[in-house]
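Note sheet for the following structure.
For reference, chains read A, B, C, D, E, F and G in written order, and residue numbers begin at 1 within each chain.
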């Protein structure tokens, strides 16, 4: 099943990248989320997958009776999810403000910082 | 003075810098009298050097070293031998006069203090350069001369021409500086020492190395740029944009001579080979003639002198290239002669300009009456330049002819070249002496009268020195020539200068021929100028115009490249990143056999066996399918909001995958975050008036799609490659074993988050808090900015 | 009951070891505390200065410790490595952290220049401290995933700083900055996941031990991903577009802070990961690194020549510096690494100072485009000196600080030239970079300082009118002067720096002391 | 969204969510949940509250600046890590304390305070963001 | 068949049914035609997911999954409210074409 | 009074979900509930006493029954081969006799969850409930059914 | 024994819940317009989701879990009609009118009157 998940990671990454190239800031954000999800799934898969046994020690025991899912990748992903969500929130509000100020959702028309018709540098000393 | 020898030598190099730092303050206190005060420093250095001269003349070397960067084996080592002594004395001596001269020349200029500071710093750099034993220190002083001369040349900074001259000089000399640095590093790499004094003893280490050509090219590159050898000579005339004292200083004995000094210094380790001789003689010869002809083309006094400087530099390089005892001796004498007369003539030119208001020789005439002392100074210098007997210039000429007479036919060609060059220079000298001062008086912009004492001291003293030296050939030979040549050649050289007008010797006839031709040139100056100007106009370009073309071409090229790479389209920037990602994913895998696992092998078995439909249960397939469908739904969504809704599908599916494979905490968080993402996306979209539809241009989807699929496939393959190995579960095993008994928590994931790796979580919540601050910073300004706007 | 390894029970941490973790924790707690008082007039700046001074004190003592005793390590929660998160300071880490704090202190003072237009309520000082926490954490951590976390801390703080003020220009810059940088950290995360999947560990010292036995193709692929991710953070060509797109948009103080800290962390991460942790992969990637370094070295100064927006032009100097650092990384000898490390140190000081000076230039001329500038040379000698010195330092002209790393890099190139094309190509690229940088710098100097005023203003006319400096501008001037003085003085007496750089580089190339400090020396792989 | 039905039902919904959030936070050490999810649910309840009753009402109800809550969370988490300075252990070494209160033993530990810190950070930040996005006119943020 | 086995079987059946329900509900999300239709379907999907989680809880015997289901209900409600608000303010404009096609 | 009551309910609920009815846990639950109510203190208006357990239970019973019927009804309609004939949708104005917020809300929610009806809106003057009906046979029967069923029981509970 | 009965009951409830949920999904796809679909989603969804929660409660046989499940059910029953109402109202006011087959529309009349006067 690792390989199915590995392939699924590729699908996530592909779509994320495709959306990131869409020029619409909102779609790019969606792409960022999808890409992030793909990466999270990748970490999960890279930690090897077991079915259904949560890494929780049953009450009264010192250690789980049998094999359990690998807890470390889960903790890493949790951290990554939270961070990713924070970044996502910021970028979303940024997109919102950018749209309000620049009147554009299309990154091709967002050229204030790097103007399209910047004059040639002066040929003087 | 109770200074030890080595302390004195360090003082020689460093005192001018101290004076430079103080100069603006002294100027603030003392006005233009500050020049008199500051001139004490170079004058004192001259005294100090004279005091130090005795052991050097006796054949010794004075060395001093300050530990500077011991971790890099770098000492601030100075040494004074015959060569450095000649240069240092010239630099400090002329420097004192120049400082004095500047006090009068720039009297009342608001930035005179600054000027004096630059001048002194430049002098310090020059002295450091000629005294430095360590190649790195030499390089640093070398760069310091470039920088300080940049500031000096651009001193009249309001004029574009001055700025251009400064930048041009800096660019050219900096290229040379880089050559010197790399050359020094290579030399050190080959020889194991940074010290010139040690390198000198390792004669074969560079010459016999496979890298000799490279080292030679680097050092010659450094010397040629600094010493304005053809075709890199063009910066020098443009440096005439500097105030005249600068020209007088930089182009007589100092900055441009640094290259000559370097070549002299490197002669023992690089010289003597046929390449060395060939290159130096060829370039020196061409430069000599080119400069001399260039001088005849000009009518501006300073430009004429600048061009003759180029010629003289060519001559010096040529002589070093010849490398014989006589040639080296000639080089040294010529160096001293040139330093004296050229500095004097520049100062004269400055005085004329200062008093008469123009430097154009066609607009000047008969100034001798109004400026008699200036004329005397000019005449003394010019006669030395012509090479009349009783001047030091005469000996210079004699020595160089002596070096070539009786040589093979190649030497005779060089000799002919020298005669022609000297004749041209003699003609120019006559022009400079006679045109402005004799003949009919012409009206000038300012009514001319004698220059102030401070401006006269230089020409008179230097012109006088030229004559005095010419009268004391034994002293010249013994105290200047012998130690200098010894230092360059590495073996003792006998002094042999004497004034012997022996008609049997070919030398006298060569001199006579030179003078005769010089007079012809003087008489035909106008015609020659006309022809030369026509020729150069016919050529249509010069090295100088090429420089502009290169610079402007560089600027245009830079603009083109920069606009192409940074044109502001985020999409393009992302494409670049993803192309790089694709390369990063596939290149190592393909190069190192990372895809071999796909190919069936005996021990791994058929890959269809390994990838046989994994034992996923139907509902698990359903969830995987749900994820894929959710992603497709996002892909085909017609509007942003529909895409946002569809985003919820894949998020939910992912959470369910986590849940199915034993990660409840993950599933929990993923679900919550996914839903909340949809919520805040929706809240934001509620406040935006966006077009309903959005789609990328049709022609882009194929490119984007291909890139996306390639990257996705790369990630999958790399992940699968990683999965072919077994995971080392040390960490998780430890966590599992200790979670309850030691960390007191049953939910291992949570224990990792708050205990084992709590430090990560501390950073993570800082990110969350930071997001809050950042978002509020974004939103809070909105009202203010919009309120302020129209 | 499960037994803990004996070491975990017996290890007693000296209170003095806390100098390793306090800089980060103080910065974080300071950021949180200043957030509460952000509406007060003077508390935020006073608090920030106090906190940073405390951090600097810790870091000085840390650096002295590391100099005298070698790398210092502390593992959080007493879960000895590789289980817990280790903070490990070697010479480079400690020195960079110290430089970062000093620079931040200067910027905090300098930022008072903007106080008239900024009432502080958007949490500027909190974000600065958060940024410092992220940067310091990145320099001191010994755990790859923890490095990711500090990267993100740094990133979110920089997000807040880059938009604070909220002009449309900033928003445009922030969109590009935001997406590309977040993408970079996401790629880093991707590489991290694969690293864990391949090696089963995240502790850097532990990775050093186990990486050589891992699948070579996979390991190199991961290293290539790290190179891409950190290369983006470091603004290496060709993935550097975010920098010139955004660095000129926030206030000069923020630009300065970014220039000094952000890209350097990326470069440091490259140094740590590719050279120290994964040296085998570095060898495979060397030609790629070399090509990137050469391209960055040559192309970046072209941007500085072409740009007329002053701060954008300066941004290309920052990128050029990254080229120099990459050059050091692609030359596999101690001298090159030392050069790269010292260059990072130099760039932290010089690039920050340069942006601050440029901010003063903008304040005096009231313009941001060099075509509208001029007349500063006559008007302000001190400002001229600061700018001139920094331009020379950036171009690597002696005796300023920037010369020494260039020297080391050139030497490394010459030494390496015997082994292949990389060394000689690098020397040529470094030389071209130096010349082009000097051309760009002197053009700026000529246009902004020497020229009377904007293009077309007659040379003989009155110089252009300048804005009179306010007391706040004077304070800012004092702040930046301190930094420039540092650039000059360290340049004049570079011995301690070079010594530290060489020793640090030796520790990077042969990390046995690092591994030993972490406490993994005896563990069987 | 100003309907009688929503307005009336909202307090009940919000109260349920808040209580649930604390529960999820506190039992995270032994079962799925924890500070982050707890804080997230709490913030979601604030968002529901804001949609039903308007932002000013929520601000009045919260009294404290939400970002100050977040700041408090970071301080709490940070100081819970600093405590180990006093036991000569590295940063964030956990310290456990068992309070005997009558018949029950209440375990107090630094990781628990840490997790509560996480809760407050998430709650404060997300509430601040939600309220800022919701507010239609200039507010004292 | 023991009770435990029955529960196991029934949970499998439930999971399959719910899996189908998940797939069916996304049909409406994709085809719309109007925004409220999609929102409705998404809301339904959260309920289905809730059921799915409950079924997994039964299947694995880990009752703690129940809380995830409840939390999902809590946040699903928030999402629907937010989307309803969007529809109220912006809805028809984004759907003009879809509405025309429908009528 | 109702506040204190709610705190007790929430405390009990807390004890229930944590599975620990010890005094300390109840106290803690009360604290949390109190905190939650503190945040909501402006929103909770005087609500009628919910003490009449019998009426409440009867209402609950009715509701649960109707809910099941409703669900099955909808299920049948969904599975009906000829949807067109099974459906007779309409939006009907149902006059209201209950007046308080709580009553209206409860009624509206119950209507939504029961057979064939769904509350779309409440008139601003609170006199009318707009109900979407899936298969309308007669409007009077519908209105009467609501008035005599849920509306009457709710009134009883809230008296 | 009681445990077995509870288990079996739980299993039955689980399947029932799943069936109802599936039917809700089918309804949302099959029914002709927005408002009719809402019936399916709200009722069947609430019942299906609620039944599954109850099934969990039955299987667990743990008072705490039962109580939580019941609270969950109550929450579902509390929120489902509210969100259905909000969605229906928002859609209606935004202009998504009921399908053509709708026999009568009092709300439309009302809105037209209020806008007319």
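Remarks
Assume a contact is a pair of C-beta atoms (placed from the backbone, for glycine too) under 8 Å apart; a residue touches a chain by one contact, two chains touch by 3 or more.
The structure displayed is predicted, hence computed values, not measured ones.
Chains that count as touching both chain A and chain C, per the definition above, are B, D. Of all the chains, the one whose CA centre sits at the greatest distance from that of chain A is B.
Remark: the per-chain Cα centre closest to the mean position of all protein Cα atoms belongs to C.
With centres defined by CA atoms alone, the chain at the far end from chain G is B.
Taking each chain's centre as the average of its CA atoms, chain B and chain F sit 84 Å apart. Chain A and chain D have Cα centroids separated by 25 Å. Separating the CA-averaged centres of chain D and chain F is a span of 30 Å. Centroid to centroid, with C-alpha atoms defining each point, chain D and chain G lie 30 Å apart.
Multi-chain contact residues, meaning those touching two or more other chains, occur in chain B at positions 160, 163, 167, 555, 558-559, 563, 566, 568, 570, 574, 660, 664-665, 668-669, 672-673, 676, 679-680, 683-685, 687, 715, 719, 722-723, 727, 729, 731, 735, 737, 741, 746-747, 753, 755-762, 764-771, 773-776, 778-780, 782, 785. Contact of a single residue of chain A with at least two other chains is seen at positions 20, 42, 45-48, 52, 54, 56, 59, 62-63, 72, 78-79, 82-83, 86-87, 89-90, 93-95, 97, 101, 107, 110-111, 113-114, 118, 121, 124-125.
The multi-chain contact residues of chain C, meaning those touching 2 or more other chains, are 1-2, 28, 31-32, 35, 76-77, 123, 145, 149, 152, 156, 159, 163, 166, 175-176, 179, 183, 190, 194, 197-198, 244-245, 305-307, 443, 446.
Across the interface of their complex, chain G is touched by residues 13, 16-20, 67-68, 70-71, 74-75, 77-79, 83-84, 87-93, 108-113, 116, 118-121, 123, 128, 130, 132, 134, 136, 139 of chain F.
Residue ranges on chain E touching chain B, taken from their complex, read 12, 15-16, 18-20, 22-23, 26, 29-30, 32, 35, 38-39, 42, 45-46, 49, 52-53, 56, 62, 64-65, 67-68, 71-72, 75-76, 78-79, 82-83, 85-86, 89-90, 93-97.
Considering their complex, residues 1-2, 4, 28, 31-32, 35, 76-77, 79, 82-85, 121-123, 126-127, 130, 133-134, 137, 145-146, 149-150, 152-153, 156-157, 159-160, 163-167, 175-176, 179-180, 183, 187, 190, 194, 197-202, 210, 214-218, 220-225, 227-228, 231-232, 238-239, 241-242, 244-245, 284-285, 288, 299, 302-303, 305-307, 316, 377-378, 381, 392, 397-399, 403, 407, 410-411, 414-415, 427, 431, 434-435, 438-439, 442-443, 446, 449-452, 459-460, 493-495, 498-499, 502 of chain C touch chain B. Taken together, the chain G residues at the contact with chain E in this complex read 3-5, 7-8, 10-12, 14-15, 17-19, 21-22, 24-26, 28-29, 34, 37-38, 41, 45-46, 48-49, 52-53, 55-56, 59-60, 62, 65, 68-69, 71-72, 75-76, 79-80, 82-83, 86-87, 89-91, 93-96, 100. Residues 664-665, 668-669, 672-673, 676, 679-680, 683-684, 687, 743-747, 750-751, 753-755, 758-759, 761-762, 765-766, 768-769, 771-773, 775-776, 779-780, 783 of chain B are the ones touching chain D in the complex.
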